[in-house]
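What follows is chain A paired twice: with chain B in the first complex and chain C in the second.
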Partner chain A sequence: MKSKLSPHQLSLLVFMNILGTAIVFIPTIATTYGKENGWVSVVVAVLVGLILLMLYPSLIMNGKGNFFDRIEYQIGSIGAKALIVLLVLFGFFMTIGNIWSLSQFISVQILMGTPPEVIAYTITFVSLYAIRSGLEVIARSVEVFFLFTMMSLLLLAIFVWPETSFDHLLPIMQLNQTNAFVGAIPVLAITYVEVVILIALIPHVNDETKVRKSFLIGGALAGICMIVVTVATIAVIGVEATTHYTYSIYRLGQNIQIAEFFDRIEGIVAFIWFFTIFFKISTTFYILMISTQYLFKVNHQKVFSAPLALLLIAASKSSLPNIFYDFELMRSTYLTLSYLVMIIVVLSIGLSRLKRSNY
Partner chain B sequence: MKRLLGCILIGLTLLAGCYSAVELNDMMIATGIGVDWVDNQFELTLQVLNPGEIAGGEEKTSRTPVTNYHAKGDTMFEAMRRLTTTTPRKIFVGHIQVLIFGEKLAREKGVAETLDFIIRDHEFRSDFIIAVAKENKAKNVLSILTPMEQISAQKIQSNLEASEDFWGATRSVKLNEFVQSLVSQTKDPILSNVKLEGNLEEGRQQDNVEKLDPAAILQVDKVGIFNGDRLVKWFDEEESKGFNYLTGHVHNTVETIEYNGGTITFEIVDYDANFNSRYNDDELIIDVEAETIVNIGDVETEVSLDDQAVLKEIEDKLAERIEDLMSKCVEEAKIYQADIFGFGIQTRRDLPHLYEERFKEEWYEYFLTCDVQYDVDVMIRHGGMITDSLYDQMKD
Partner chain C sequence: MRILIIIAIVILAIRLDYKRFSGRDRKAFLIALSLATLYIIRAHNDTVWFNYVEWMDRLIDPISSHIDRWLMRYRS
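Take a look at the complex of A and B:
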């Protein structure tokens, strides 16, 4: 094991991986289901998500060897291969989704007129560079950019404060109660459920006793951010507008107007998204790289990195038809897929672990 | 090799901003849009800046500070693009100050079809004010040359904001608020008017701004109420004020009451109102509570202000006057079945279960029969530089 992560870095990676993509879509998804109780969906999702995060580390923690050795030890060589294939496919799908949505967002809202392909190329090649430099480099840079992300989030929350009208949140949990809980399902799918893939990083952590704590800290922090952003979006632009705008949090940023000085600075929203999604893409890409290395039994780790990058770009360009498909995807195919993968991973490893401990 | 790579990297970072750059000279900055309904088509009027006339300190020519362009189309987007057949450069709409609907469009066609494009297009920002050209075309309103403010779109915008802040009979409704009212199931939108006073033909000439007393001016003085996306009624000034009193949008205004055969005029300096719903004996009741702090601004009657009992009486009279304005406005809105106040939204918040079960389907019936009760609390703070009025001494 060459690459090492500190528990602190792991929690930041968890934070970034939960917020990536999700932070932009969550207000819209949650309010579509729960209307003015959309924020309740997010709260529920965070609570359930934290339980999931408690669960994930115990699948892999305190074993011997790397991630793949541990899985093989648990469920046998063939089972492990099948599981990794599943994880690779899921990770691949997740990454092309992320690259696609980031490139669409940037070309629609920030750099108008820039072809989305250019942005897809840029972000994929930068991640390629990042993962070829190794996990440590990603981990160190996440420490730097975490500050940026948090500051942007804080600024956003503070700046929109004068515009909030909490009447938009009323009545609290009187109508649509069921939908508020139903809304938690898709919210979970694009946040806590899909980070199951991060268990592959656990063997890299230098102090494995603290892994669960790192997962929880990262998850809780991300949860707070999501709740704050959702409440702010509903309180500032209202339920109707939140459900109608593709990027409602960007719309929230456009509302910032303080003393005719802090004006038109919605770019900070783009900062938040860009940083979180970059680390999400890089982490998943890294896991894809070491998984393919394991599957094809090659000695050199970086062999598949460049071909994978090209595949990712091509797939992100051709797999999704148009921007209107995003939400449908998140509500149907992707939702099913991420829950399925999570359940299979948890059950297959978890059950075999339980069995072993019983004998 | 490394050096080459370095050069490329530096080039990439420094030149990245040049991609899809547009020089300021190559675009036209639009300040106002007018939309009319002419021969079953949308007619767009776009007001653009003549940068040389606005910015230049040195050589000003006799050219007007703004220029209007017109185009027709079956949809907004089409009309917008057709404008390029007359405009010399590409139009930039990010600095739009006002969007003005012609009255015909607002009354007969409805404004809904104009909005999707404006919300969808990324160049439009949502911080402009929307208004209706009263009894006129938006085209004409935007073609008046206005003194003081060179750009008439700018003049309309600051005019609306100032009159909302200091007179209280208009509201500067921005895109977000308007759309939220339109899409809401129960609430109906309102918009302020822009009225052309005087002679249109003379108002279009440069002479108009060279006169001490311009031949044509633009005025904003009342609000129009919508049912759905159609304008149905212009409130008069009192009803417009009543609307702002009820919804708590009065910031500062003056109000006159009759007292003792003369008048007393107050300056309302601090005003706050809100309303809540309750359901009592099969009747929906809306409680409107308002609190205001006023100063006495003008006394034209015999009154002794030293007497607290008299002050109390005056306070009550003013409260009655404000209630009167509000109830006039509510009665009028009921006639046109337009829930412009958001009673429906508030009822959903206050009585969520009743609303879902009973009111939701036939909200307008409940809106028409609901009993609105007013409770206005007036507090007189001070009375300017003098205590008792000099009125009786002067009249003697």
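Take a look at the complex of A and C:
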């Protein structure tokens, strides 16, 4: 049975996938480049990202059959297989990075002393359960948790408001102008560029005419959240602290103090990240599962689900030693890989589609 | 202890999925599960024969090192 998504659910999945890793790392990455203009890097990234999101759906929309049939029709059987292998390699990289960064975060900030492996096992098995239940289940649960995520973000924005000092954002675009624009490159890599993988979900949408709108709504909403969070982080804890802390948004939560009643409610930040990254991991894991089914030509979709879960845990444990390596990875290997994959996917499918339409 | 947990997971996976699949699917499942189990056991003993991230790192290093060097100029 083919899983179906509504355009609304797709936009929520896009939102969660963009915000997944970004919400915690973006303020630090953006201020590393643009300093007090770090928020400008995020604004530029969001604008470029929205153009990319307009482009992605046109690669797959309005075709016949599933995602793999459509790619095969566009670029042939061998080309399709090569492209899916590339997407699998990238998706695997992305998932292990996400699993491990969440495990590290929980093990360092919340459950101190608990080995990250234990957390990696827990996250992966919950995601495994989610993907085995099907895409509809993930999509329905995203509708529930979206409200919770938005509420947490709104509470965070409201609670930090009394602590803000907009002097931290000054001078606006007087210094580090080039840096602010260059800073958009790594920001884009972990947000809008990597969601190219979501084109695999387009054939599952019941009304494909609304796919582009869904991508744009999800992307715009995630963009607004990222801008608000970055501005708030710089305005509350300052440029130096934002650059210094690995999880600067978590530090922002620790600053909250309202009428000596609400104090240190950084857990809110953790909630935002848990929910967004869970859906990101589950969606990518689902795409990995259906892609391996296509590559190995097995009948049942779930054949590789359990082995993939074990491989994800093992690879994340053995490949990523610590959070500093995560940052190193994000600004070199992951950045290059996500841009490479996006360019190859867009060019190979886009050009062949263009060629076909000319004939 | 860790090995026991892994074995328990593998047994659970077989019990849940083995009957569900047949023919080619079952063979593929068993092969994939065996390889994944072997890999995860070796990962816990820090003796993996293939480090995925390191491999990917080395594969795209000719491009990524240039990009990293260029970006470094704009980092504070």
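To be clear about the criterion, the second predicted complex is superposed on the first by the 358 of 359 C-alpha atoms of A that agree within 3 Å, B and C clash if a C-alpha of one lies under 4 Å from a C-alpha of the other, contacts with A are read in each partner's own complex, and residues count from 1 in each chain.
In this text, a residue touches a chain if its C-beta (ideal position, glycine included) is under 8 Å from a C-beta of that chain, and two chains touch if they have at least 3 such contacts.
Predicted, not measured: the structure shown is a model, and the values here were computed from it.
K.L.:
Applying the touch criterion given at the start, work out whether A:F296 contacts chain B, chain C, both or neither, answering first, second, both or neither.
P.N.:
second
K.L.:
Going by the contact rule set out at the top, does A:I51 touch chain B (first), chain C (second), both, or neither?
P.N.:
A:I51: touches no partner chain.
K.L.:
Of the partners chain B and chain C, which touch A:V126 in the superposed model: first, second, both, neither?
P.N.:
It touches nothing on chain B or chain C.
K.L.:
With the two structures laid over each other on chain A, which partner does A:L337 touch: chain B (first), chain C (second), both, or neither?
P.N.:
In the superposed model, A:L337 contacts chain C only, not chain B.
K.L.:
Mind telling me which of the two, chain B or chain C, contacts the most residues of chain A?
P.N.:
Touched residues of chain A are more numerous for C.
K.L.:
Which partner does A:V85 reach: the first (chain B), the second (chain C), both, or neither?
P.N.:
neither
K.L.:
Go through the superposed model and pick first if A:L154 touches only chain B, second if only chain C, both, or neither.
P.N.:
neither
K.L.:
If you stack the two complexes on chain A, which partner ends up touching A:G238: first (chain B), second (chain C), both, or neither?
P.N.:
After superposing on A, A:G238 lies in contact with chain B but is clear of chain C.
K.L.:
Which chain A residues come up in both lists, the one for chain B and the one for chain C?
P.N.:
In the superposed arrangement, which is not itself an observed complex, chain A uses no residue for both chain B and chain C.
K.L.:
Quick one: in the complex, what on chain B touches chain A?
P.N.:
It comes out as residues 19-20, 122-123, 125-127, 176, 179-180, 183-184, 348-350, 352-353, 356.
K.L.:
For chain A, which residues count as touching chain C in their complex?
P.N.:
Against chain C, the touching part of chain A is residues 32-33, 35, 89, 92-93, 96, 117, 121, 176, 178-179, 182-183, 185-186, 243, 296, 298-300, 302-304, 306-308, 310-311, 313-315, 317-320, 329, 331-333, 335-337, 340.
K.L.:
List the residues on chain C that touch chain A in their complex, please.
P.N.:
Per the touch definition, chain C meets chain A at residues 2, 5-6, 9-10, 13, 16-17, 20-21, 24-25, 28-29, 32-33, 35-37, 39-40, 42-44, 46, 48, 51-54, 56-57, 60-61, 63-65, 67-68, 71, 74-76.
K.L.:
Report the residues of chain A in contact with chain B in the complex, numbered from low to high.
P.N.:
Chain A reaches chain B through residues 108-109, 111-114, 167, 170-171, 174-175, 237-238, 240-241, 244, 254, 257, 264.
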